[in-house]
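The structure appears below as structure tokens.
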Amino acid sequence: MAALPDTAAQRAEFYQRISEHHMTPLWEVLGALVPPRPSSPALPALWRYNNLRPHVLDAGHLITAEEAERRVLVLENPGLRGQSCITQSLYAGLQLILPGEVAPAHRHTQSALRLVMEGQGAYTAVDGERTRMQRGDFILTPAWTWHDHGNEGKEPVVWLDGLDIPLVRSFDAGFSEKSGITTQIPERPEGDALARYGSNLLPVDYAPTAADPARVFVYPFEKTCEAMRQIARTTPDPHLGHKLRFVNPATGASPLPTMGACVQRLPAGFETRPVRATDGTVVLCLEGHGHVSVGNQDWAFGENDVFVVPSWHALSLHARSDTLLFSFSDRPVQQTLGLLREERL
Amino acid sequence: MAALPDTAAQRAEFYQRISEHHMTPLWEVLGALVPPRPSSPALPALWRYNNLRPHVLDAGHLITAEEAERRVLVLENPGLRGQSCITQSLYAGLQLILPGEVAPAHRHTQSALRLVMEGQGAYTAVDGERTRMQRGDFILTPAWTWHDHGNEGKEPVVWLDGLDIPLVRSFDAGFSEKSGITTQIPERPEGDALARYGSNLLPVDYAPTAADPARVFVYPFEKTCEAMRQIARTTPDPHLGHKLRFVNPATGASPLPTMGACVQRLPAGFETRPVRATDGTVVLCLEGHGHVSVGNQDWAFGENDVFVVPSWHALSLHARSDTLLFSFSDRPVQQTLGLLREERL
Amino acid sequence: MAALPDTAAQRAEFYQRISEHHMTPLWEVLGALVPPRPSSPALPALWRYNNLRPHVLDAGHLITAEEAERRVLVLENPGLRGQSCITQSLYAGLQLILPGEVAPAHRHTQSALRLVMEGQGAYTAVDGERTRMQRGDFILTPAWTWHDHGNEGKEPVVWLDGLDIPLVRSFDAGFSEKSGITTQIPERPEGDALARYGSNLLPVDYAPTAADPARVFVYPFEKTCEAMRQIARTTPDPHLGHKLRFVNPATGASPLPTMGACVQRLPAGFETRPVRATDGTVVLCLEGHGHVSVGNQDWAFGENDVFVVPSWHALSLHARSDTLLFSFSDRPVQQTLGLLREERL
Amino acid sequence: MAALPDTAAQRAEFYQRISEHHMTPLWEVLGALVPPRPSSPALPALWRYNNLRPHVLDAGHLITAEEAERRVLVLENPGLRGQSCITQSLYAGLQLILPGEVAPAHRHTQSALRLVMEGQGAYTAVDGERTRMQRGDFILTPAWTWHDHGNEGKEPVVWLDGLDIPLVRSFDAGFSEKSGITTQIPERPEGDALARYGSNLLPVDYAPTAADPARVFVYPFEKTCEAMRQIARTTPDPHLGHKLRFVNPATGASPLPTMGACVQRLPAGFETRPVRATDGTVVLCLEGHGHVSVGNQDWAFGENDVFVVPSWHALSLHARSDTLLFSFSDRPVQQTLGLLREERL
């Protein structure tokens, strides 16, 4: 499309002229708009928890949880600085809550998930029910549910937050509201949702739609580990090891319509064959250590380290000890929209 | 529609004439075919386990499990004798398996559910995976899955069988096959399906359709009791007490497309308000005792007693002690077809 | 299972004894209850319209449409006499309405479909909207919709009725109600439902569930023929010719949850390869003539002839001229329940 | 959150320090990331066709359709210049194809819709089937379908293109491919898809999933108008007039998973009450003229004018003559994800 000099000048003049009418020529940008394959501006990156932890704790001296509303250090993708996102559609951060602190009740149309990284004694309350947060617990605060957090223990508690903030922003569909009360009064005993909606049983009249988030809002680490131990007795998949996805047991769909989460176990010494997919994925190491390669990058990783695999970057994992990984991405959206592609290489 | 004498004769002659062409007049039977409300030929009935148990054990002397293929005493609805059914669409029976016996592997398009009533040491195997049967366990052998049973313990084991035999017959859609091997060799460790499909997790690539039966084929009594204890701390529903339905956690639908099952807890002294529904229902008392009224009938009931509530008969329950009931019916079919009606009186 | 004499006597005595408790031994009937393949009591049959028509018209002299409520001659399957059904789950009949007559408004939980066979000038009204009935029109009166018919023309009008009466009976879920008014006053102009729900458009807020019947309640023959003419230009399928199923365009499912209907075109001379399926099917010849083989039976057929293909009977068709067939069965139910099997031989 | 001077300095230093680790403090941006209500950077805008048309035709002198691959002038939202989008998730443009020209075959994971604005004689081919483009036709080229265009007539043809380019970009899920052949050879006669998938009939074995785009890829203007004329006889909705959404008649869902489209009719003189919704919407006037108010902006509009209503901006319309509007937005995605909010004021 290298135009002759005259043509080039004519075109430039034309582009100028139509710009006043808020128009631009597609042909100058078509290649970038409709690329042959994904070329995400996001970059592979790994955050080593040992490096981050001191800063996370420092944040505890600079601002209170209540003043901050949420005291979180956002993990910004190096290729997307200033945009508060870890992939183009997702946000991740490390939240700290100190003994005696509360993070006041609010709600928003953004969905959130949490994975508890360290510390005992904190709780999350969702629409009138509390759950005590244990290391490894996977906890949801679905869109537009009131939620608050508090630490009734004696040590700092840190967790990974995952939200669909960039995704909701790209639809211009964000609403939020602060509650008049800082801390919700429990309306149901702890464990009620898990019994009622997460025990392979459901209330007789409960009829959720496909888009409804899970009512069970905690997936206790203990139960997850028990399941993984159980299936560890079978042969691991060459690309995935043993990998299960968290589900809303009232629909079989992802617990949140915008974000899917998985747990993956690799026995010591296991090396996965490379996989690439269009859903940029955030991974947290729950247990064990090993080596990860993402596209052209590679790193050693250990407990509580977080790394991001941008869209269409090949991922391989090598476990040096029995390793348990938690991950989340926008996969359920891409599946719903028919956009997901995956290659097992 | 009382026709004049002449007309009556003419009509009779006409009916005769068209009968040769395999035709009959609708107007003579319209009221019966399209009734104002359900008037089931099925009758309310209760089977007292104390009365049945000696006969069930006697059957053990008359025929072996293997000779019988399945040694079951069918519970026949008193209004439907000779039809091997407990409601118009469902079958129920008590199956006995003695120590050392096996019930050989077969499969059929009829779906089956089991509720273990007494005895230790038996197992059910479904498509290559075994589960040891404990009292109260709810076990599935979905349509067209290979299944066999055996008793490796020291005492007789008895369970309630529920099948959709009449329903499948009404669609003329029954197929069955005997296996060449009596007892399936386990292909996966016990507990695998429960871990993989019944722990609020699912294999990443598993995508069942709405009609697929559950892959988790055992709902252990221990887990069910734990959930019921948990929700027992909340206020019971005036019509239902605490009632949950078993679900396929991969879809949120009934574990079997043709039969739904529930567990219901009533605290000591609780009396339910009457409910009537179009799904004829079979109830088994797992724990406790009380009094039940079905239409114009009423009975005391205790552990392991079974009763049937025909379509559109009002049901009330009065628990004399903390009571746990298991029940099953064709409700998922009626819901799918838009036929279910329910009235809470 | 031929028991020794002693055993036989013992068993007989046992059966007697348990019979008092409403129990019977499964092992004596297992083979019949769980057959290796469907062995429907329904028989193949063909009703030749030329033979039936005089009787249908005679019925017009014996009883009025209003007195009969619905003046229908039921087509009874020769293997199921006295049961008012054409297959185990379906009912079919020929309805006659004479000039000036009305069939008064009523509703029932049974779903009905109609296929207009002859005559001009009749209408069907469904929940406040009328449609004029033209030959070949496929018309629905879904469960629990008020419906009435009338003939404002100058000639008798005859149509085929298909209902799910036996199916609803097998679930004991039948309700019905007569309207206080004989003839509904139209609330919407004719054609409204077809425009609003049947033009590849839908009301912006309309969100039906999977089980909802179609709101478009008429599939005009003219439009059906146009579509069939269009696809007749492509290669016919060796087993099916050109065959399409009627759908609820708001869901893609069958227009009625309990009955599916198809239209099938065979070019002159075309012979289909045999097909068998578990859904017993009623077929009406709309246009053309040919030869049909069902299991071991075969017949010539022509316009307005009706035949029934019981479950698992192989069907082959040979068209002597361009032939158009309408058919209906319980296929959507069997699909939903996972019971459908089909073999293209 | 105005920190004391010391604190401010400490925080600044802290922010600097953690920035090296690709972290930023959430509390400085929380309000912007999780706003109380949508505050889209997109602005209301109207493009008057009379102003644009000369430029569109001028583009025909600057570049050929084949050289451009697609000769389109993108309508850029004034608030999102340089991003080739009309809302944050959608793209729109005017495409010109001159007599004798072709736009060569390609495919991409972006979905596209077309609304023909002027000119006779062009065609669109989708996966081996052509449709001749008539003014007002709504045409789809779903994700990953081969498509090409050509003009076999005697006049320029212009249409509105709508694509989900920004949405697919935000998921980093774009793939594209150019075909070796410029112009697809038709494999099926024109009209085949409309007959087979768009006539309230479907192929007997066709079982699409919820995310599948429509196989019927043209919604002829003539049929749309006929439906709108039909429903124009009923009372218009005070907020919407007469408004229907285009559907995939094989699922009832939007024809494309990422974009929904509607047709809306307002009788002369009709004034809609204001509505606001979270789906930013592009509107094209097909017939008539009137006055539109979007947030604080208002304009007169006439035939072929295009305007955009950003998220959560109130829209009111006043028709000066009988008016027909086409519109599209990302509504199906927002519904699927549970993000859609709408207020009828």
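For clarity, chains are labelled A, B, C and D in written order, and residue numbers in each chain start from 1.
As a working rule, a contact is a pair of C-beta atoms (placed from the backbone, for glycine too) under 8 Å apart; a residue touches a chain by one contact, two chains touch by 3 or more.
Because the structure is a prediction, the values reported are computed rather than measured.
> In whole angstrom, how far does the Cα centroid of chain A sit from the Cα centroid of chain D?
30
> Counting only Cα atoms for the centres, state how far chain C is from chain D in Å.
42
> Report the inter-chain centroid distance for chain A and chain C in whole angstrom, where each centroid is the mean of the CA atoms.
Whole-Å distance between the two chain centres: 51.
> Enumerate the residues of chain A that touch no fewer than two other chains.
Within chain A, no residue contacts more than one other chain.
> Based on the touch definition given at the start, go ahead and assign the chain network to line, ring, star, complete or other.
Graph shape, chains as nodes and touching pairs as edges: a ring.
> On the basis of the stated criterion, which chains touch which? Give every pair.
A-B, A-D, B-C, C-D
> Quick check on the complex: what are the chain C residues that touch chain D?
188-189, 191-192, 194-196, 198-204, 208, 216, 219, 223-224, 226-228, 230-231, 233-234, 240, 243-252, 262-263
> Using the touch definition up top, name the residues of chain C that touch chain B in the complex.
Listed in rising order, the residues of chain C that touch chain B are 1, 3, 7, 10-11, 14, 17-18, 21-27, 29-30, 33-38, 40, 42, 45, 47, 51-52, 55, 58-59, 62-63, 67-78, 81, 84, 87-89, 91, 93-94, 108-110, 143, 165-177, 210-213, 257-258, 278-280, 310-312, 330, 333-341.
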